[in-house]
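Shared between the two complexes below is subunit A, which pairs with subunit B and subunit C, respectively.
After this line comes the complex of A and B, so read on.
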């Protein structure tokens, strides 16, 4: 059994009465894994991170790290005593410190404070600011050890040579790595990343994403990453937690989220999807695209009117005329295949990925067949 | 931007310090209000009967006309400096701000003396007329008071409008141009209305200054509220009447302050646009340069050059007749000591108030901030009076010591430092502190190592503002100074009111020599930042 590093139990948080930003949320994170919290903007992802690192107090529920409760209503271990690192969305690098000073910040005196006579007070070792140091154990490093640790971090994140630069003198991707190195510096038990790639342009994003994944793996750090980008989540995560309006809709490995979405929201939010109305009779479902057997009859128990998930690749072009005749409404070329928006006779619109050689134009009619690997349907939403 | 921390992490020590500071700042107001409201119908009746209407007309009239003049001066100068490119522009842009370093009472002193019989004005008039000509004295004359106060305060409008024009988005102007608007229509219909927040902020400072000015109006013997309060308190020892008059003036200033805050909150995001480009100033030919130079020289001479020339002339005369005034350095030291203590202490008092108010949204932290701004609407004589009451009733041991003077400076000028720090803290994103804490550093360490270093420009600005204002302070010092502790400002006042002028001019010169360079340093830093 994998051992659990972080456990969130029935967590609730609201800022205004009656509006739950986090609503009865539970999640466990096992050691060494990368969990991606995926959800549309405004679903409470950032609030969840802030609850985990102790910048917010929960209204209900608790956060448990390594078997120890670190947050519950009325009791919050201060952020500096949690050994949880964080990479902020805009990196939050200290503009007045060099790259090395930024990364080594948690270890104590910087260039400026080193000159001051009360330096001992400012370093993490000194009274009266020693609360954090007492918990951290290794914060009060000797100068040699500190240098070694910094060199290790620069090596790990590929920042060697940039130590003396200031944050505004390095590129966005480098800033990202400094933020990561800083978060990893004091060997946190857990690293939180809040939309870490959203400030990078599309090309850079993919490269940095892979680099971050490698760094996290090599340092064997457990991490929670928050994003609204499903491609990012699919690529980087061991497990994805899909979040909507303060609740978790589904938690599982990427392929499970993609192929067995547990709710209509997950099905609609992850992957390209359209829905067509269907009617369950016995062990199969009737739709405009034909009658299809249900693999798992149980899921349809008690349902009659349903919505059936249609992924673009579930549709096949059918040239013998046995399929359903549809009209092309819109065309988007995507290289080897083309994404068509098709209008069914009833007026329902679906998206279909058909071979690129078909060269259909809006207005043309085309016959398609529905060939899903498995029928996925949800009770129809009441109008 | 606000930092949202769980209640268990609120910095308790800081909250206590903030509460103590804001309470102290409120004390004079409370005392003065207490005395004023308790004055009774007889006192109020007497004041309403013969004092208040006249004072109201004088004070409001003076404020209004001065605001009008400073509007014309400040806006025209700001437009010339930002919209035109001419030789010597950079130097002019800070030369025009230098009058802020001269206390208005020194300007008033210089001008009244110039118009005395045998002064520069009669001499110039005689020379122009070709025969012995007479020039009226300017004591108690409304236009003269407006003249002096406008020249002393126009830099407020100039500096704010200048900064705002430098940030002006050229796209507005170009859009109007495409619609076919001519130069004047663009200026009056687009550019000027968009500078309204800056203009209003500048005029607010001017009017508030006129309300609170004591030295200049007193030297020119023009009765306004501050002068009446001082006379009631010192001349008749009538605390109740003085407090009642003070209450009326506070009400006026407070109304103004509220208006300004409201206007500011409504117009905060006036000029934000997606694409932003600076307006390119128009190059001037020789004729244009000469015209602009003449106008700027005129304003500069009237506000700074003439005054300083006069002071130098007087000092040289005085020293030639009576030798070097030996006690001058003592007074200078007193000024520096009191002002330096106030400025330095203010830094420590401001940090908790400014930090809490910018980082937490709770109403009580906002209340600390508001309470600490009390000094803003309390003119000097009122602060002097309030601190006098406090010292007698609450802090008896410090009564009659320099500490009382420093306390008055603190209460009166803390808002200036507070404003500087408040805006500095606002510019630091709270997630920097959060980042520090996730690095395993405590609240205080994050404050010392991240927030304060980043806010150091704002903190320095605050120090200079409090220091310079304290150096120039006159009425509260007059009321509170211990025996034998004369500052430069007090000395200037005494010498001129006893019509025994020999030390006034050198003292004024020394005072200016301290304040103007400090202001210049501050402005050139600000000017560089806003230009770059």
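After this line comes the complex of A and C, so read on.
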């Protein structure tokens, strides 16, 4: 039984009248899962995270955590009371504190200050309610327990030995891990990661990504990760939520997003894709690359002019001359395969992944066959 | 083959040297001409150029001094009394202006509209009116217009305010005070040493700042310390029959208040004016410093569960300090130097006393040198202290 930890209900947010940055967005996150919010830059991903975290107030809708409303217009639980951890895009480490102090701030904060007794009376952790705090497994920790927990965290994130360094004295990948350790320190119910890998170089990104996934799994933390990098999303996520212009286009596991895109936007944004015009007649579709039966006729019902999705690997080289003759416009070598940009007779450009032994150069003609596992098409966009 | 040496007018080394030499010659000529002129003119007027006059009796009185002074004291002693007055008003002013300035500066960023607007109004009014005008207003409009002696305003705690100044209770030493002071000094010293050793051991054991003592521990320690000292004082009191020190209250006797301590309207006006004026600038410095800290830092602190005050104290202010301290030093120096405007409201600071000495003895050159030198030394001392303070915040950085 999957239980829900976070529920977003018809959330809306705008910064200027009439411009909805988040538009009627609903999303459910189940405990222990990693949800990736994937979308082009400027689609409202970061705003969504800030709404969940409590840095922004919604204009409509509500955010519910563990069955309790934490945000709705006119009512916002302050960020510091939400037990939602956040890893910022630029990490936002505290430059004046050592690595250990940065991480220690997560659970040592209330203890650190001893400030304002009345605040402690009002807060739901620490002294007067230390039993409740012990149940939550945070605060109320004795210094020894605290140190042990720190050591555990450093072990988990592979930071052991760096405790006394300052953030500017460690590498980008290490900073990333400090940010993660700091966010995990107070055992948050939910961790939000805002483009956490965008400041790392490509090789490091892959490694850190896997490490982060392992750390999140081992600490059994529910997390929401925001990214514009689809490869990252495909690799790390249990579920992907594709976002465009403040709306969710599709939510589902990575393979479903990739193979059964729910909208033309998702099809175009996820994976390499090109579209060719087609015409539906009966139970099949006519295209420049031949006539193909529709597996699910219902999809195409009522449509006539459509756009058919072409993935590079849907195209095969055919040397017996039965295929469609195209011209090579551009070549990009990718090791065992080569990605060609081909021009169809009508002038439509498509991308095709053909075997590396074909050494074609721009201007050459090549015959290809369209062999999709399943025809995916969308109503043609009106020009 | 050796290339021929370049001509002199193309040799950068020679050109640089020549330019410096010319500049030095002009400078030395100008300075020596001025000095020569001064010596010749002073000689014509039969004025000596030594500092011997400082030993002669001053023959004038100073309205208020901290060090004992009467008209038989020497000029030098009079000048020293002026210096002490300046130091007193600047020192108090720096402490008060910093306190008010930080509060107003933080308030300017408050989310509360009323607080924010009040703070902004304060800053905009106070820093846009010349200090001299403000001082005169404080002196003539406020402090000289307080009720006369017989109708003094009585504030709780025995404070009396009238147009002769502010009178307030002060500690009075008794037979036991000296012993108590010594006991306190010894206790503070041993306490400091013990604290330092414990801290050092904690650090050596690999403790980190965030592990700090728990809330119960620190408050327990504070409570124990308080109880201990109260018990100690009570025991001593019971034993000797005398409290550690007495309080002396101002009482109206004859034509003035006796007992306690008092400040003159001049001192009160100068301190109020300087403090409020400089606090407005310090508020701006503090606000700029806080705003210079990346907004993400505050959000990161909130995401970690730190409240607004906690985040201000542990995350924002320590980083803002790096930006705040250098301009803050400027404000301290300004306050100190602005205290020379005391001359306008007849507070005997070092400039006022210096002027009197010049008028009486005619040793203008020497006195001006002394006055300037004194300000220079005070300012450099403040800069040096603040630089050392600044080093602590510069260490950790990007």
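General observations
Here, the second predicted complex is superposed on the first by the 352 of 383 C-alpha atoms of A that agree within 3 Å, B and C clash if a C-alpha of one lies under 4 Å from a C-alpha of the other, contacts with A are read in each partner's own complex, and residues count from 1 in each chain.
Basically, contacts are C-beta pairs under 8 Å (C-beta built on N, C-alpha and C of every residue); 3 or more make two chains touch, one makes a residue touch a chain.
Being a predicted model, the structure only gives us computed values, none of them experimental.
In the superposed model, A:371 makes contact with neither subunit B nor subunit C. In the superposition on chain A, A:183 makes contact with both subunit B and subunit C. After overlaying the two complexes on the shared chain, residue contacts for A:84 are found with subunit B and with subunit C alike. When both complexes are overlaid on chain A, the residue A:56 reaches subunit B alone and has no touch with subunit C. By the touch criterion defined above, A:75 reaches subunit B but does not reach subunit C.
When the two structures are aligned on the shared chain, A:147 is found in touch with subunit C, with no touch to subunit B. Shared-chain residue A:166: touches subunit C; no touch with subunit B. On subunit A, the surface patch touched by subunit B in one complex and by subunit C in the other comprises residues 53-55, 78-81, 83-86, 88, 90, 92-96, 105-106, 110, 112-113, 182-183, 185-186.
Within the complex formed with subunit A, the subunit B residues making contact are 4-9, 429, 431-432, 434-445, 448-450, 453-454. For subunit A in complex with subunit C, the residues that touch the partner chain are 53-55, 78-81, 83-86, 88, 90, 92-98, 100-101, 104-106, 108-116, 119-120, 126-127, 142-143, 146-147, 163, 166, 168, 182-183, 185-186. For subunit A in complex with subunit B, the residues that touch the partner chain are 50, 53-57, 74-76, 78-81, 83-86, 88, 90, 92-96, 105-106, 110, 112-113, 122, 124, 129, 131-132, 136, 139, 182-183, 185-186. Residue ranges on subunit C touching subunit A, taken from their complex, read 207-216, 218-219, 294, 296-297, 299-311, 313-315, 318-319, 393, 396-398.
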